[in-house]
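These are the structures, in structure tokens.
In what follows, subunit A forms one complex with subunit B and a second complex with subunit C.
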Partner chain A sequence: MTELNIVALVSVGAHPLSGRPRRAEQDARAVELGLHLAGERLQVLHAGDPQQEALRAYLGMGLNQLKILEQPAHSDALPVLADYLADSSAQLVLTGSQAETGEGSGMLPFLLAEQLGWPLVVGLAAVEQVSDGVAQVLQALPRGQRRRLQVRLPFVASVDNAAPTARQSAFGPARRGLLTAEEVELVADPLFASAQLQPAKPRPKRLKVIKAKTGAERMKAATAKASGGGGQVLKDVSPEAGAEAIFKLLLEEGVLR
Partner chain B sequence: MSEIIRRDPRVEWIARNRLHPLHAAAQPAAVSWMGPNGVIRKNPHGVGFIGPNGLKRIDRSGGQQGGSQKRSTASAVVQLPLHVIEQPAFHIVVVPDMVGGRLSAHDKDLLGLAHKLAGSDGAVVAVIFGEHKENALDCNGVDRLLQFEADGFSGYAPEARVLALAALERQLTPRHWLLPDSRTGGGELGRRLAAKLGVRPATRVWQVADGVSSGRAGAGREDLVQQAPRVVLAAVECAEPVSETRHEVRALALNEALVRHIPRIQDLGAVAVDPAQIPMAEAEFILSGGNGVKDWALFHQAAAALGATEGASRVAVDDGYMGRERQVGASGIWVTARVYVAVGISGAIQHLQGIGACDKVVAINLDPTCDMIKRADLSVIGESAAILQALIERVAAYRQGGARDAA
Partner chain C sequence: MLTTILPILLFAALALAVIGAGKRFLMWRRGRPAQVDWLGGLLAMPRRYMVDLHHVVARDKYIANTHVATAGGFVLAAVLAILVHGFGLHSRLLGFALLAATALMFVGALFVAKRRLDPPSRLSKGPWMRLPKSLLMFAASFFIATLPVAGIVSADFGGWVLALLLSVGVAWGVSELFFGMTWGGPMKHAFAGALHLAWHRRAERFAGGRSTGLKALDLDNRNAPLGVEKPTDFTWNQLLGFDACVQCGKCEAACPAYAAGQPLNPKKLIQDMVVGLAGGTDAKFAGSPYPGKPIGEHSGGPHLPIVNLNGKALVDAETLWSCTTCRACVEECPMMIEHVDAIVDMRRHLTLEKGATPNKGAEVLDNLIATDNPGGFAPGGRLNWAADLNLALMSDKQSVEVLFWVGDGAFDMRNQRTLRAFVKVLKAAQVDFAVLGLEERDSGDVARRLGDEATFQLLAKRNIATLGQYQFRTIVTCDPHSFHVLKNEYGELGGHYQVLHHSTYMEQLISGQKLTLGTHKGGSVTYHDPCYLGRYNGEYEAPRAVLKAIGIEVREMERSAFRSRCCGGGGGAPITDIPGKQRIPDMRMADIKETAAEVVAVGCPQCTAMLEGVVGQRPEVKDIAELVADVLLESAAPLKQGNPAPVAAMEVH
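Entry: the complex of A and B
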């Protein structure tokens, strides 16, 4: 579509039930969006272990090669990626919104944008057009809404589940693709000196605390139907007056666009 | 207290017992007495007692003594104790999402967590951008309120907001920043702020106890347990909301003037989305029809005019007017709309369960006694077709007027 230099950052995900390594869901969506925009010229970058077989699932989406900045587990990916991107001619960096393994704080795109001094678009859904170094993009909002933004190149964008669904990974291209590793300076991540990971337990359902002082109040709380209590009731009004009241409420709530 | 009027046997007993210290007070008002001119005056209102139906009963058998006055019911509104922090030792700053201008349940949980962290000598500062419609800030634990004027923060302006929060950081140096880790803005703003301040935040935090925060890590299979950092992005139900104290919502001002900056991201406004494409469970505005809707063509026309997602009650779905995937309620979809307009739905309990998470409910119904009206914030009693028709015309007039203003 355009002559954009796009870099997609990918990580190794984990299956939600088995925990087995796989391609990360949101990163795959970022690659998909990048393939839409740049096709063959999309660069895909990973910081981590080049022997990881799960990375081949990204190659199976139709990539020729995947670049890897070689790092052991629990090292800090941020400075490495920031150095690499600052030296590259990337105009758009696509990431998922949070990793499926490790800390998964979702801070990487924010810190990357801060370090590179680039603007950041969160929840990118589509790039509509690029002209004169300015991109017009659609941002996904909660509740299925979209917002149009204009942002100057280069910028960092994170995608979430509103981005186009990732295509299937094909086995043959996944085998044929190249994983090219590059030696980089190692920076240790200080997080795990002070924090530890524990298996998560499902959280208990919040109990409804009844602060009744008397038996009658407890009885009332236990048997009460859901009720707003004391809503405004318009009786014996003309349809126009009723419609006007509803219209006013809708306008006040800002749902009429 | 219930409003039912009852006889009070205890007061009647006191009235009969001449040795009781309250005997005099429990005597009924004098029924007849000698007037100044020697004429007997009578007070007919003092006779008898008010029965359980609110009717005056007169017991002429002589059995009734005293207790004629209506038992006064204690006023139901209990004023919660005011929590005053005159000289706060430290500050906890909360930036609530304020979806639709009101505190969401997530915001209230967050304020509860802030109150827990502040203890008895810290102050909870809430930062609100632009106007708000919340009138229960005091009951939700806001000690100080910093409200920014709307200009410069309207629309999508995360960079301006982060600059404003960074200015507040220089002024107060709060012990903790608490933001909701939500998709409605808090998660993004909190991460931008943490990147700006150079703090490594704890995200998706579901508990902070004894200075240790626990938050989900990765894809939710593990928890990250660490000393609570300065910036905490908390998940829903991270703490119980404040319910037992009232707080002075004292206004706070920023000392320095905010510098204007040129935004690098320009907001070009919302894009029209086909409301039928939005999944019902997350639609913001739902127009739902039930048994009372007779003219379904008009109903669809109204939904299109309002830009609302369509829903239906079970009866309408069973009768074949709407698809099964549009059913709201216990056996259909549990919706989370901010505004839910129920047309001709009487409100079976299964349907009311399905709309439990909705903020504002509008009911259009013929029956003023139905359960939906008890749940609704605004009810219009009348024929649904006429009201929908009037609503379509009103919205069309508004849209045309708006277009003329813009042109």
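Entry: the complex of A and C
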């Protein structure tokens, strides 16, 4: 497993209450997972400003260096990351699910996987083993459930709060570690040219009506799988029939038009 | 025959002692450099020994008198023996003087032997059990050998049998007392102790001084180690200090963590440092182990890491994290060893280099960096507790008499009652005061004691910059931890202030007749001394004076004032939360209950939180400010002192 080439993508986070720059919570978990799998061989990559001191918090986790694809704020990080990763020997790319600053759309892992043509695992909780170019991983599902997946390398995986907590960042390694900048072609983000950022408003929440009358019912409600009702289970069908059924559903749901 | 053997024995022992001293000195010098006043320290040493050290030893009259007799007798006897038996100055006068000295030493040694008949558990056994016998042997042998010199018996008294016996006795005595002193025997404490007093890291402690602030790490120097990883990372005079330990166990008896069954014993820790200094295992340690950790499983060397996070080295990390930094060990140590400095030095390495602050440590440190308070509360809420009090802000007033340093207790609902009570007192005394409001940050106390010197200095420098913008005469705070840090630890970073604890300030207000007070009616009261106010800053009187002024006669606990037992809340101990057999605050509450007081007066938000956390039936915990605010008399028309108007005490909640 130590032979695996792992790249963790990190961003600059912001503390939810004070707004101060820090290591992003989920990205730090991605680094933690990477350190656990690859140790010193883990590569950590950031697209942005190499002068950003908050990045040192990642170095403090025990990294010797952090590579930065230098670009100004409001540039599109996706193409430079995709170019870099396509040319690298990376077999597993770890990211957080959603950045704490900037656009924070949570789309990066998806778009990156699409551009690279690699599979994407969302909510990676653990990598159990890697053999013959296939990784066996645990994917986190709601309510503490886990799904075991077999994924062919290389692939992209995003982690959320189900991944192990990031280790403490220590001052000594943070100060010693190197932030090495690499010049890349700048790609302006067209979205930032036309749109503008504004503070997010919390979405209204549906009131939770507790219908359960007994403790047992409450327990059941809390632990039951989220069930959508309806749907159908397809078994022993040909790939064409299966694809057709999925295509039909996507049309019905308005995902495809 | 004796006249030929004795000089040989004496000078051989002395030569060996000199060689041993050189070896030991080079061992200490493996440590990092430290600036000492070489000659001045040596010149000041006798006074430090006879005044400062004796002042601590004299708390136990028995051993103080014993030590004066034994050590005084020995020093005198050693000098005279070298003159009389070494250089052969057989004058009757010197002979009688030597007889007197050895007799004095013999009597002292008898009392040492008596204490060793049934030694308390804090004392080390092993070679220390041999010491009284060696002392008696030295004194007796030289006494008898000197009788002919004094002309009491003839020169050939006893014949060769006695001469042989005396030779053996003298050989034993000088082995223990001369070269045993520098080769690591129990008498090492005298040799290393004397030099430790001379070149102490905190020379300010002597002659009635006080030096309790932790020393800053030089973070600008990239080559300086961040804390202590291996014994040689200590400064050399710290290593010398460890070697001075006499293993009396006074620290062990005073340590709250040891009593709570947490894996810390200050005496063992210092001895482990000695093991690290010389190299070897702790198997020869003859005292009480760290609770729950058998002796003989740990080993180390001067250049080996002290802590191994994945196994065993010299000391386990949890031993270092058990300390509450209450300074009870330092206060009790007759050799003036600085246990807390050493522990924080080693914690610094664990936090700054290894990122291994246990339990909630990392979270608290992250919170301090991101929100300037350990709880991670939104910084904008720092003044919410005073939303209705119309407090003046420093940014508006620029110049005031008193800057009220609120502290992180501002975020704690229990402590907010204390803060509001104190504001009420300040207003009643018509003090010109203001708060920093949102400009205030955590003082850095917890970060520093968790070993995060970087975060401490970050917070301290920002606070110093903020305070530098304003004019004020004194800073007053209800938090002894902020008090200590602002007063004693900001100086090294360029912040020099006059800082007062609120009890001291209220005492000044009362003696200045600025407050009209009734008398306390809430039942009997005992007072719990906060470590950071008492032992760290020597303030034992003001809180008691304030309580006296409101008609309270304090029911003192057995362990009060400089012997006060910690509440368990200092040094980040509640954050690192190392398990033991019982909780420190429970033990302290038992002390409090012994006095049968109905109220325990406190002067620290940590103590309040820890003592209020004790379950079950227990006395009420009230801050001194609350007790004073309770008996404030409305002074619309100023009342004359000593003529309390019949106004009911105001309730403060």
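Basically, the second predicted complex is superposed on the first by the 198 of 257 C-alpha atoms of A that agree within 3 Å, B and C clash if a C-alpha of one lies under 4 Å from a C-alpha of the other, contacts with A are read in each partner's own complex, and residues count from 1 in each chain.
Note that in this section contacts are C-beta pairs under 8 Å (C-beta built on N, C-alpha and C of every residue); 3 or more make two chains touch, one makes a residue touch a chain.
Since the model is a prediction, treat every value here as computed from it, not as a measurement.
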For this session: Figure out whether A:S169 sits in contact with subunit B (first) or subunit C (second), or with both, or with neither.
Result: second
Exercise. In the superposed arrangement, which partner chain does A:S194 touch: subunit B (first), subunit C (second), both, or neither?
Worked result: first
Exercise. When the two structures are overlaid on chain A, which partner does A:V209 contact: first (subunit B), second (subunit C), both, or neither?
Worked result: first
Problem set entry | Partner chain(s) touched by A:R148 [first = subunit B, second = subunit C, both, neither] | first
For this session: Please tell me which partner, subunit B or subunit C, touches more residues of subunit A.
Result: B
Exercise. Taking the superposition as given, does A:V7 touch the first partner, subunit B, the second, subunit C, both, or neither?
Worked result: neither
Exercise. So, does A:G62 touch the first partner subunit B, the second partner subunit C, both, or neither?
Worked result: second
Exercise. Is A:V184 contacted by the first partner subunit B, the second partner subunit C, both or neither?
Worked result: neither
Seminar exercise, completed: Residue positions on subunit A within touch of subunit C in the complex are 15, 17-18, 20, 22, 60-62, 167-173, 175
Problem set entry | In the complex with subunit A, residue positions of subunit B that touch it | 2, 100, 133, 156, 159, 183-184, 187-188, 191-192, 194-196, 200-203, 206, 214, 216-227, 237, 240, 243, 264-273, 277-279, 282-285, 306-308, 338-339, 341, 349, 352-353, 356, 359-362, 364, 368, 371, 373-383, 386-391, 393-395, 398
Exercise. Okay, in this complex, where on subunit A does subunit B touch?
Worked result: 13-14, 16, 19, 99-107, 110-111, 113-114, 119-123, 136, 138-139, 142-152, 160, 191, 194-200, 203, 206, 209, 211, 216, 225-229, 231-237, 239-240, 242-247, 249-257
For this session: Flag every residue of subunit C that touches subunit A in the complex, lowest number first.
Result: 222, 226, 351-357, 361-362, 365-366, 369-372, 376-379, 452-455
